[in-house]
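As written, the chains take the letters A, B and C, and residue 1 is the first residue of each chain.
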């Protein structure tokens, strides 16, 4: 029983650290994150914190709170209820899944709570959300493919390491790659591999691909740059630094590798800019101003050794 | 010899007190959490929030009700997370071609039950370790989910199906009603039937069960079938709540189900468990999630406190067992 | 003799001298101001019912428990150790009832575990030297086996011998043996006794814990009796009888050690013909209603194996089984129970009880199918029926909801009896019904057996204790190497024409003529 009491105490302690905020506005923002663990979303959440804290200081909103979606649509569906019960009346939402997270947007629309969707769309974003801020992932795929073509003009075989299959970013980036390379006779795909956004899985697949196709492989295109940087590091280690690896996101690790010259390039998805843009919309939406454009697109940037210093902080 | 010499605690002697804490200690933790949350969060006791806690808990609760049978019989089922995904895609496809909700639900439950049966047959027939068999079968099951869905998720254009996840009777959401029904059936099955007794006997001492004429083979298989059926039911709730069929959902859901059982006093060695305990276990997990969200505590701490609570529960279990 | 010895002589006379030792666990006082002395060079029997405090004291001596108060002198020096390893250094070793050897170590490695020989100034093992020394020791104990044999290949008796050798090679001067013969057959027991005598000649003192009176009189010189955590008495065995010791232990005079009553023996209840399976060949016998049939033989001679086969625990390769004249098929224990056969397994912990479930669940487990036919169990009726059976067998427990784990060995055995009694068996097979049960409970179980027989049950009893076999059976079958090698009647035992020696000779496979000679 002593142990049980101890546990209760511990729990109480954890609960004790409640934040208290006060301001004149009555807007309570729920920032429903996709997750808090991967590098891209960590940067993004950091930018969100900065921007939201600024709004609190200005008095534009009363308070805000982060809810961690754990990359699980069901968790997000549950969390939106917690947020509403907790008094949230504005939602900034980063969906975990295009289909599965859709009920979150629907729930907000039902409750009359304005919602801004960031980074990737749910399938009902266009009808129900107040705004969407993101980037066109097809563009990212095209940038990657064009870079590969430019680096290896004579063409060859390439492999594609996919994110979690069915995820909208994964699908659209893949589409962009095919837009450029499918019609190009000099390039041939050896396959799309389900590496689930995960660097170690991508490296495993790369090992197999190299074993099977050897020197014919000229490029490995990845849906994110966690994978591309890991794969590049791997091919460099087996004396195949001639292989061009590229991915999307612009996380710190890959950017550092670009600066060091270990990685040729990476496609920066400016998540921080996305989330900042989204948060900047909050006062306008509250004020009931008409938005010029419901879909706000933040462009992708190809980062190479020439411009890496601008993005590597 | 001299029980009366034992220390008196709360007017009970040592033995009664141990019995009491073993049975009800976890209920006190739950009540303490309720009180604490009511005091610290003004929003906690709102009706909406309470129903929200319970509907969130419903999915994990149904899974835990299946898991408790497996663990009590001395096994473990790691494949239920994958079964959720398979159930989800099955519902998606059946609804697409048939449109009958009852049909879709039944098919997904039956498919999960069949995989439970296969798990059980492999384990009981060839005496393989449940951990390894279900670790492997979860890959097969999830893989099949990807195969039949082609790897894609799709939205369900069936508003009455999503009512299963979001609809209410009076103020009580359907998922809670489903959890209650499953709990009652599980209670009757485990505590009032011969099958339940056999489950306890098989988990408590498999040799003694055999020597007492218990059909050990089918008892073990039965627990895995029950676990499959529960996963199927949970899959229906999950699919209805997100209103989409997806092959990649349900990762890690077995962890919470196992945790609920353990917190609720289920012994990992088998042979000891109760259904009310398991229900309390799952509510406690739900309270951790909800309470910390209401108070704005980061999910990192939620993970840590859940882990600590499991360790604590196991510690209490072993300490009390040792004292006996 | 009666003169007070001088103090230094005293020191040398008693190798172990415990004074005023007390120990409590929570509220339970396991030892109360116990004095316990053992003379050097003797085999000293430590007697008492289960729970009398014998094991607690022994565990204090080898350092598994710490005494609450009291002093212990070993060879005259104040003695206090923190664990068996330290006890070994002092020269005290214990051979536990249940041996837990490392199965994949060789005999030599096992003997020299934790004090291995190494090649000079290196950490590398000197296997040759270890094996040579082990071989020497084995030879000294007349044990012909290669020192490189793996422990898992040994029989229980052989493992025990290795434990003893290990103790002696570590220069043990006091060896504690806890129920060393409980899983040995008579031949192995004889061999153990030779080893004990051998140790005694080398000046090793032995504390011998056993429930078996006959053995104690055979091998021990002196005794101490404990009861309810207290020291009751000590003396030379030559001066007392079995009856005296038993009454010291139980605190009352036990009139008849084996309360066998003659009851009416009826029709043939159960019969087997030509049963063959793993470990037994061509076994045929019959048991009548009201009869207790004793099966005797060395461990491994096929007695238990036959019974497991009959009960459907192991497969039979051929043979027929008849119940009340009808041939029956038994594929598993479920079939056997449905037909009205019950079996109390020799291994209570593994085959008898779910220790962490209640008495109620344990007792009703095999009877649910037959007695509770409805979908839901009628819990009120269950409580009533289980309660009445527990009462009938005088199970001592807080309630029928108590865990089986909380009971003493004797009461656990009664719970096992109760669960099978509730199934109203026509045939009751009892494999070692009183193993690990204290004297008082033993007598109660024997009385109950007679009551069952009087009600018309046919009982088949296996026992490794000859006195039990001879005292309880109406008829005795002797097993030798998987076959039946003789049959004796109760009358022959009562009139003295069959003795322990006759039965032993049969167990060792003697033909009838040889048996005549033994007589």
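In the analysis below, contacts are C-beta pairs under 8 Å (C-beta built on N, C-alpha and C of every residue); 3 or more make two chains touch, one makes a residue touch a chain.
Computed from a predicted model, the values in this text were never measured in an experiment.
**Q** In terms of CA centroid distance, which chain is the most far removed from chain A?
**A** C
**Q** Per-chain C-alpha centres versus the global one: which chain is nearest?
**A** B
**Q** Roughly how far is chain A from chain B, centre to centre by C-alpha average, rounded to an integer in Å?
**A** Their C-alpha centroids are separated by 32 Å.
**Q** Measuring from the mean C-alpha position of chain A to the mean C-alpha position of chain C, what distance in angstrom results?
**A** 70
**Q** Any idea how many Å lie between the Cα centroids of chain B and chain C?
**A** For chain B versus chain C, the centre distance works out to 44 Å.
**Q** Send over the residues of chain A in touch with two or more other chains.
**A** none
**Q** Can you list the chain C residues in contact with two or more other chains?
**A** none
**Q** So in the complex, the part of chain B that touches chain C is made up of which residues?
**A** Per the stated touch rule, the residues are 1-7, 14-15, 188, 192-194, 197-198, 200-201, 204-205, 207-215, 267, 271-272, 321, 324.
**Q** Taking the touch rule as given, give the residues of chain A at its contact with chain B in the complex, in rising order.
**A** Result: residues 1, 3-4, 6-8, 10-12, 14-19, 36, 65-68, 70, 72-74, 77-79, 81-87, 97-103, 106, 123, 164-166, 194 of chain A touch chain B.
**Q** Touching chain B in the complex: which residues of chain C?
**A** Against chain B, chain C makes touches at 26-29, 51, 228-229, 311, 313, 332-334, 336-338, 343, 345, 347, 350-357, 361, 364-366, 368-369, 372, 375-377, 379, 398, 403, 405-406, 419.
**Q** Please give the residue numbers of chain B that touch chain A in the complex, ascending.
**A** By the definition above, chain B touches chain A via 17, 21, 25-26, 28-29, 32-33, 36-37, 40, 43, 46, 48-49, 52, 55-56, 59, 146, 151-155, 162, 166, 238, 241-249, 251, 288-301, 305, 308-309, 312, 315-316, 319.
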